[in-house]
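See structure below.
Chains: A, B and C, in written order; residue numbering restarts at 1 for each.
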Amino acid sequence: MKLTVEQLAKRLGAELVNTGGQAQGKISAIGPVEAAGENDITFVKSDKHIAALIKSRAAAAIVQKSIEGYNGAQLIVKNVDTALIEVLNIFAPELKKPTREIDPSARLGKNVKLAEDISIEPNAVIDDNVEIGENSIIGSGCKIGENTKIGKNCQLDSNVVIHHNCQIGNNVIIQANSTIGSTGFGYSFIDGTHKLIPHNGGVVIEDFVEIGANCCIDRAKFGNTIIGAGTKIDNLVQIAHNVVIGKCCLIAGQVGISGSCKLGDGVVLGGQVGLADNIEIGDGTMISAQAGVANNIEAGRQVAWTPAIDKRKAFRIVSSLMRLPKMAEQFKQMVNRIEELEKDK
Amino acid sequence: MKLTVEQLAKRLGAELVNTGGQAQGKISAIGPVEAAGENDITFVKSDKHIAALIKSRAAAAIVQKSIEGYNGAQLIVKNVDTALIEVLNIFAPELKKPTREIDPSARLGKNVKLAEDISIEPNAVIDDNVEIGENSIIGSGCKIGENTKIGKNCQLDSNVVIHHNCQIGNNVIIQANSTIGSTGFGYSFIDGTHKLIPHNGGVVIEDFVEIGANCCIDRAKFGNTIIGAGTKIDNLVQIAHNVVIGKCCLIAGQVGISGSCKLGDGVVLGGQVGLADNIEIGDGTMISAQAGVANNIEAGRQVAWTPAIDKRKAFRIVSSLMRLPKMAEQFKQMVNRIEELEKDK
Amino acid sequence: MKLTVEQLAKRLGAELVNTGGQAQGKISAIGPVEAAGENDITFVKSDKHIAALIKSRAAAAIVQKSIEGYNGAQLIVKNVDTALIEVLNIFAPELKKPTREIDPSARLGKNVKLAEDISIEPNAVIDDNVEIGENSIIGSGCKIGENTKIGKNCQLDSNVVIHHNCQIGNNVIIQANSTIGSTGFGYSFIDGTHKLIPHNGGVVIEDFVEIGANCCIDRAKFGNTIIGAGTKIDNLVQIAHNVVIGKCCLIAGQVGISGSCKLGDGVVLGGQVGLADNIEIGDGTMISAQAGVANNIEAGRQVAWTPAIDKRKAFRIVSSLMRLPKMAEQFKQMVNRIEELEKDK
């Protein structure tokens, strides 16, 4: 795909300024300010990239306001993020379309209900009573357990395993090697051994949820583990049994959420955060990377550290900590000075 | 499955009291106190749920002693945990039975020895000289490497990979997408590059071990990586080469155990705990979530924090830490007061 | 495989001393000093194992210099590590050779280019335009996406997923259930929802990279996520979009590297380390296990802790911390003593 700057501006509904004579040049790719070359378009999302843009060789830039000193064409848009997604889609690598066929090597159980235009790739195994909505894609080597329902426009990458009695909404993405509906880590200690507690519940994944690669979401003991609509989950995330996550949360890589936690809407968890079991996290809470949370957190709080505390307080404590060895040294001197004073009394 | 309260009591060997006229009502499910509805049975495992039970709409409750003020039927049992597991099994979702057949798409190598009633699901690959005991289930897309032995009553979920020369005992569960017998992370730095040390050893997983989804257990360089009987492992856990884990340990999600660690029996590791290599953890040790352990720990200790220390000491240090910024402030004032005193001397 | 001590010495080019009459005995295995038996050879890599060697029953030992008091045969070599790898290869378990065939159940797309002596195991799915170099092995259940190129002598274990437009060099190992080229965790918040940013880039994995089991390496938004030649990666590691890792790095288990981080050459990351996004780590930096890094680190530094600081400073701070509760106690007493002095003024 190659487009002139003018064609691109038209596609984005952008105001084209300062074309510097390049409006007819062909653009074939988009790149960040530091890397964009002579045939590329770039973009400026924050003021800190302006200096780099001015030095950049990029033929054109998507900007929110005109930038002085840059020689390329400027495409002024209302929302750089929106335009960036559009340009990335324009220059996306050309890949073959979903087959919209059921590969002959795929295995379908009894009473499977498949809507129109579904793609089922080689060696996928679909158990009895599964339902899959239109346009969904089931990757190679996937396993879908009995009675599970998958909505429309879903994308399961290769080797995803979804166990029985799970409900996947519409427009859900689950990346490769993830496991949904695994049995949770719940044991009762009886007669000297740990007996597994049966997990009769399921997993409900609502619309527009996106789940990374190699994630695990355990099924519930009773009821359902629930991932709210629009929530996005990064790779290698562990979500235990009976967890309930609200809408539009962002959960970064390697987070671990223990059993029966309840997260509100719009919660943001940084990478490697850990939540102890049975805690409640209010709407809009932001938890910094690697924090360990052992208690409920009210809505709208920003917390950090292990044990997780108010982020500004954590910052002050860490600052004090950095001076602690010196303070301990001074402390000894003060004890001596007090002793001197006491002697003179 | 629907049962009357009386039928359930009989199944559990429970004393039925205070039926409130509901003993003939049909029960179809079990739920926690807060969620159980009019056709459900619930349970009370600790006194903190008594208040909730009294408000609950549940038709019946499994309890250890009669609870005053609750209007439903009470099923008094010796051990609520045992009864709970039994009721969960009674109300378990109905799923098809294991096929007890070898799917024609499964691939069997030479000299494979399969006992009776084994289920091998589609596209599983079983290499030469593998042995599998009776009633075991090999999920779809699994790969079992050469010479590996799997005992009876084992359950391998889909896409599990077990490499060559591993030994899996009886009644072992390994959940989806886990990898057993991968080559460990052992390198020698020779002539300017890292050379992989061959891993000639294997993995031994003893009876009644249960392993979550997306776990990794590396094979040994010499001898075996060993997981002791009855040990339970949550999802996304990393167990490195030559680790030896005792019996009946509980290892929560995302724990990482480095090479050649030795854990005693009954060790409990909280989520995201990390153990440095070559350390020994005594029997019955409990290590709190996210702790980082760099030294041996004696039997029976409870430790927390990074670096891991006695749990109560960690608690005191954290308490002091919370007051550290204020203490630093007061410290400055004290210095001034001492200076004043010294001036007056 | 059984060899006499003399034969082994010859194979290793070792000087054989103090044979104690055992030079004709047959050796069949190698083991560590504590575990090696009468028919085994062992090795001493550091002085701390000398005492154990003297008590050992091992028939022979690989050593760098002659050790007094040990009764077995000693094979003196220049580099124990090199000799150890050689002996491990000599005594490696006998396994069948790669098939060097394309299993009939494997699925090949259009225009796939396969060099000589490639093994493709059952149920692997190779998409259009994939190229694979000579001697490479594609494990069972693997999925290789469109246009991806894999070099020669590569080994992909079972159920590895490599998405489209990735480039894998020569002599690369990727262990089971790993995912390469997954879409990164990049969203723009537009009109009240998180929109996925298209990931047009790929992943480049250079020669001699080795990647553990159940790892995730995300593709780039633009350009490539890059893993430099000779870098070794343990299990369950998360590498986000647009990360660039230098040559010969060592990345231990469960490390998480956030988006657009740049690591130099020879960087060593301990287990469970987390790097915030967009930071630069200089050549030869060593980051201790569980550290959380939020800022750039200069070349050659050794850091530890969260937030990561100079390792020696971290050690001093932790030492002070251990004494903090006592210091807080003494602090109260000092305040009292100062008050006494002030009263007397």
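As a convention for this text, a residue touches a chain if its C-beta (ideal position, glycine included) is under 8 Å from a C-beta of that chain, and two chains touch if they have at least 3 such contacts.
Note that the structure is a prediction, hence the values are computed from the model and not measured.
Novice: Quick one: superpose chain B on chain C by CA and send over the rotation angle as a multiple of 5°.
Specialist: 120
Novice: Looking at where chain A touches chain B, is over half of the residue numbers used by both copies, so same, or under half, so different?
Specialist: different
Novice: Between chain A and chain B, what's the gap in Å when you average each chain's C-alpha atoms?
Specialist: 26
Novice: Show the residues in chain B shared as contacts by 2 or more other chains, in ascending order.
Specialist: Within chain B, residues 105, 123, 141, 159, 177, 214, 236, 254, 272, 306, 321, 324, 327, 331, 334, 338, 341 contact more than one other chain.
Novice: Going by the contact rule at the top, pick out the chain B residues touching chain A in the complex.
Specialist: For chain B paired with chain A, touching residues are 29-32, 35, 79, 81-82, 84-85, 88-89, 91-93, 95-96, 105, 121-123, 139-141, 157-159, 173, 175-177, 208, 210, 212-214, 230, 232, 234-236, 248, 250, 252-254, 271-272, 289-290, 305-306, 318, 321-322, 324-325, 327-328, 331, 334-335, 338, 341-342, 345.
Novice: Of all residues in chain C, which touch chain A in the complex?
Specialist: Chain C residues touching chain A: 105, 107, 123, 125, 127-128, 141, 143, 146-147, 159, 161, 163-165, 177-179, 182-183, 185, 187-190, 193-198, 200, 214-216, 218, 221-223, 236, 238, 240, 254, 256, 258, 272, 274, 276, 292, 294, 306-307, 309, 313, 316-317, 319-321, 323-324, 327, 330-331, 334, 337-338, 341, 344.
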